[in-house]
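Which chain is which? They are A, B, C, D and E, in the order written, and residues in each are numbered from 1.
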Amino acid sequence: AQDLTPVRFTLDWRIEGPAAGFMLAEANGYFEEEGLDVTFDVGNGSVEVIPRVATGAYDMGFGDINSLIKFLDEDVDQPIKAIMMVYETPTFSVVGRRSLGVTEDPASLEGKTLGAPPPDGAFAQWPAFVEASGIDTTDITIESIGFPVREPMLAQGDVDTVFGFAFSVILNLKAQGVADDDIVPIMMADHGLALYGNSIMVNTDFAEANPEVVEGMLRALTKGFADAVADPAAGAAAVVAANDILDVAIETERLEMANAMNINTSYVQENGFGGVDMNRLDAAIEQLGTSIGISSDISAADVFDDSFLPPAEERMLQ
Amino acid sequence: MTKPLVAIDQVDMRYGGPDGTLAVAGLNMVVEKGEFAAVVGPSGCGKSTLMKLVTGLHIPQSGLVTVAGTHVTKPVSIVGMAFQNPTMLPWRTTLDNILLPLEIVERHRHRLRRHKAEYVAKAEALLDTVGLKGFGSKFPWQLSGGMQQRANLCRALIHEPELLMLDEPFGALDAFTREELWQVIRDLHAAQGVTIVLVTHDLREAAFLADTIHVMSARPGRVLNVHRVPFARPRQLELMYEPAFNDLVHSLRAEIADARAVA
Amino acid sequence: MTDSPAPTVAVSTPIARKPINWLPFMPWIYTIALFAIWELGVQLSGLPHTILPAPSRVFQAIIQYWPAIQRHSIQTLYTTSLGFILAVVGGLALGLLVGWSRTIYAGLYPIMVGFNAIPKVALVPILVIWFGIGTVPAVLTAFLIAFFPIVVNVATGLATIEPETEDVLRALGAKKMDIMLKVGIPRSMPYFFGSLKVAITLAFVGSVISETVAANSGLGYMMSAAQSQFNVPLVFAGLVMLAVEGIVMYALMAWIEKRTTGWAHRSTTMAG
Amino acid sequence: MTDSPAPTVAVSTPIARKPINWLPFMPWIYTIALFAIWELGVQLSGLPHTILPAPSRVFQAIIQYWPAIQRHSIQTLYTTSLGFILAVVGGLALGLLVGWSRTIYAGLYPIMVGFNAIPKVALVPILVIWFGIGTVPAVLTAFLIAFFPIVVNVATGLATIEPETEDVLRALGAKKMDIMLKVGIPRSMPYFFGSLKVAITLAFVGSVISETVAANSGLGYMMSAAQSQFNVPLVFAGLVMLAVEGIVMYALMAWIEKRTTGWAHRSTTMAG
Amino acid sequence: MTKPLVAIDQVDMRYGGPDGTLAVAGLNMVVEKGEFAAVVGPSGCGKSTLMKLVTGLHIPQSGLVTVAGTHVTKPVSIVGMAFQNPTMLPWRTTLDNILLPLEIVERHRHRLRRHKAEYVAKAEALLDTVGLKGFGSKFPWQLSGGMQQRANLCRALIHEPELLMLDEPFGALDAFTREELWQVIRDLHAAQGVTIVLVTHDLREAAFLADTIHVMSARPGRVLNVHRVPFARPRQLELMYEPAFNDLVHSLRAEIADARAVA
């Protein structure tokens, strides 16, 4: 009805459970309240979001902050910054099967075969994880396997563990008929990895020209994610409405896992949704140096800009 | 008397379905073993069609074609055919084109590999006979029209078929080359007792070479008249200056003039 | 005497002349056979349906998700057709260009070969940056992947014109363009249609991989969404729909082909 | 009098008859032009090198990573060549089969079209489950993607034999197989080679996408690993290597083609 | 006297590079405007080559070909040519094949669309003249050899060229059809003053139709002798029974017998 400002937003992946925050913000009219008309386009991984936003093909996006660090490390002047953290704890994990001798202890990976899709975000952090957890990699074999065969090969026992996002791999393994108690996720964050996960990013040229639009976006998204945490069922329903080939029950479960492991973490419960601890981010950049090689001295301030965030009290998830 | 080698009995042949061109209708023809038959008639009357009927390339809609005692329902394998258009395969040299029948015909294909040199020598001798010595290594499209026609003739002869079907084999040749080749064919016929059916527009050619001359009507073609050529063999080119020869040619000519009108 | 054979003929002809024409049923027979083998193979090999679902399961998925499948199929058919039309026009033009001059041939051909050895999926991200996600990159990818076979066959058609035929036109003072249009193209028509059969299948592949990477709809999007859920029967439902759409387009082209290249398909012994 | 014109002729002929033959340089000229445009385009558009690196950067990457690139290139060349050879043999055989009989044509052709409308990347997981990761699925994918253009052109070649040529062989009592071997195949040779050009590029695409999904070596593996590292220049280095390998294979086939199908390329006005 | 329409001056033509076949050597020939020239000579002597040189389809390695005052370096556009092999385009009907020149030649191509009916009527009239009435809608491969040749002739005539090059246009025809077409060509020549070069193996044909007869040697071909045919025009078929006619034919014959030996 009124003049809504259009915003082009690229997601990290298909619309699935964890994207409930975005869908609820839309469904519950939070964008409209802010005078925004947001178009969500699906993405092809948390990495490809970055060039899409950096080139201005999209105004904003939802992507991996670690890849962003790498990207800015190549050329720090590129017009893109993270402005709101969503996955406070990254979902990077190594998922194994108890029956194949893997336990929660990273040391149990020694002597095993690990299946790794080369473009996988979790696999990219492997060197940092090795260093942080101090495991011995001499007997570890890494097989390059693509996403379509990752879980099937683990289910068949062709590999002992795989890299991936915990909530994807676990649910996919269940779909392959692997028993619940056979699945062992080793969360990298639990073993010394200080990294952050996916965050909202903005094209800085766009943000400079439309600061109030960006602020409005973040306000609306904060409410959306709060709703998703509060009512996963409603979140899953909103997701399924946008992607009609999904199963509500599975997406609810997926969303709940993401909420518990990545979004509504203890830090978030204390400090509110969306912000980062700049010291931890600097530490993360340090760790990335080991894993993917950071050449220039890039700092947290080059990557994250908290100036568009709503006040902390508005960002508390009940 | 033995059975004829070729017998065409009340044959109708229509091209391209029920509404197509009726090429020949009520065609009858008999060629004895060892006979030299010539077929003459106006352009488009069905002479080439007749040739294809005998070789089994076309199967008539009605009537019966019998070759060597067998009812023809598929291509027969005892013939050598020189088509009206010298359809040489452009990816083969002239020599290889001439050797083609040997690669196909049962009798030769198994011997070909081992006796290659012998066959090549034979092909080259044939090329020499028709005045194409040295052209075996050329591709067909490097030959003139008349040279292609002569190569075409060689291809029909190479495998020494029992029945030789020649569809205007000398059309693109000058008078002298033509007469030379008449003698070649004449000698071949005399020496090997091969049965020959020759389509031609040259009445003198027909009269000089053939035992019988079959005059066809305009389309739809049928045989109007069969002439027995009375001249004794072996015939020499001088025969053509004899009055009896010219009389025969003239009477044929008059007949064809009529034939053009008759359907 | 003439009366008695007549009925015999009348009786025998319909039997002899009208054997059941199996030809129109052949595609169905082969398809059914294929599905039967597939079903059996899956049952016997015991492959999990997350790898290779049996056709029965795929059909279940088709029925279950029909509204979504239908919507995405139409989107893919639309982008593919657009890309295909571009490929035909562009392929024809490029083929003529390459056939036109030896220097262009020598220069452009290797580059095109090199370009086509590159998986087009690597170019999709660039297209997305330029055109956003959705229909445009899908159409362009379909085009980029599909034009090459057309170029090759058109160029081959031109390069292999017999000089004898060419001379007929040259003797009339025909320009090169005339020779191309009057001889080159009609002469290579059968192969042009052959290349279209290859091009249409590639166009489907192109739009689908583009949709996989960057689209909110289309079979590629649907399949990748299903794949990330390990809903493999739905992935295969998408593949089956793709195959069906490919066959429909093929039938369309076979029909056009039949009407335009009858002159070339006169062989008596060969299929065609 | 006869002396004076002679030198004129001697002088003028070498000039008139021997203009520099630019033809062998054309590929280089075009390639250099392409790279120049690319370099310029990148510089002007200001695209970051993480999207579309300039060729200069790509060459840096090639030099920097040469040992790895070399190893992976050889692996890809190896799998592709194997797959391509399979595709040539299989495509020829299938093409003959399809050309052989009208019922097989009617039944098999639509299925092949349908099959080829499916992105082969969807089948790689099945191949991986059966054959493990590595060379075998890559070879098979290359084969599966590359055989179809060959089938189409061989079948078209058979279907369009002129009955006049056919008759030459039929009159000798030739069997269908003879006609195929002696006429069908040689006659469609130029188009067969055309289809090989398409097939080799597809074979590269096939092995690369298979390597992307499941392999520990090969350009596909290297590029997908580089992509996840944001090492886009290395990705493009991989693409350039692919193009180079494609062109090398093309040159090989163009050489064979030239030696076998000279008879067909006699056109005086057209390129070839 | 005006300049000749066609002048060939000391022409050498070699096919396929320096080691190829030398087809003609030291060829000289002059054809005046309006003249009817016949070329005769043994098979493979270079007659078709001569025709292609005049039309500019081949450019000689040495010597000069001049047509209508211009040095020929590319195909000239004032000719109508009937090739030795009727190279009809198989995807066009006979009528469309005959209309082809009109789609190419500058003078007609712009008028063709608007005056289609008129041109079609003309083509059909031509078909009628050569005895192919009703065959316009057939494809060329549905015609017999002789019928194709006649259609080929029509295609050479349709655009009323100034210079008509006929390469054995009647080779595949029977005597009567041939004589009919002689009269057609004779009348055309008389009515329109067109210049005609005719290659033939039939000396009577040459003597009946031509003003000058050029006798060529065996390959590499050159013109050995030019005969001026003395008979007044218009000529009737009865001319062929006159002794003078037969004398001319006989002397030509003798000359060609010699020519075959000479290179």
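Note that contacts are C-beta pairs under 8 Å (C-beta built on N, C-alpha and C of every residue); 3 or more make two chains touch, one makes a residue touch a chain.
Remember, it's a predicted structure, so these values are computed and weren't measured experimentally.
The most distant chain from chain B, with centres taken as the mean of CA atoms, is A.
Comparing the chain pairs B-D and A-D, the larger number of C-beta pairs in contact belongs to A-D. With chains reduced to the mean position of their C-alpha atoms, the one farthest from chain E is A.
Between chain D and chain E, the centres computed from C-alpha atoms are 47 Å apart. Between the Cα centres of chain A and chain C there is a gap of 40 Å. In terms of their C-alpha centroids, the spacing between chain B and chain E amounts to 28 Å.
Residue positions of chain C with contacts to 2 or more other chains are 51, 125, 129, 162-164, 170, 212, 261, 264, 266. Contact with two or more other chains is made by residues 51, 55, 147-148, 152 of chain A.
In chain E, the residues that touch at least two other chains are 85, 90, 141. Contacts from chain D toward chain A in the complex involve residues 47-51, 124-125, 128-129, 132-133, 212-216, 221, 224-225, 227-230. Every residue of chain E that touches chain C in the complex is listed here, in rising order: 52, 55, 57, 75-77, 79, 81, 83, 85, 87, 89-92, 100-101, 103-106, 139, 141, 159, 165. Chain C contributes residues 22-24, 26-27, 29-31, 34, 47, 51-52, 98-111, 113-122, 125-126, 129, 148-149, 152-153, 155-156, 158-163, 166, 170, 176, 179-180, 184, 190-191, 193-195, 197-198, 200-202, 204-205, 208-209, 212, 220, 223, 235, 239, 242-247, 250-251, 261, 264-272 to its touches with chain D in the complex.
Interface of chain B with chain E (complex): residues 15-16, 21, 40-44, 46-48, 84-85, 131, 138, 142-147, 150, 168, 171-178, 201, 203, 253, 256-257, 260.
Touching chain B in their complex are the following residues of chain D: 164-165, 167-174, 178, 182-183, 186-187, 189, 261, 263-264, 266.
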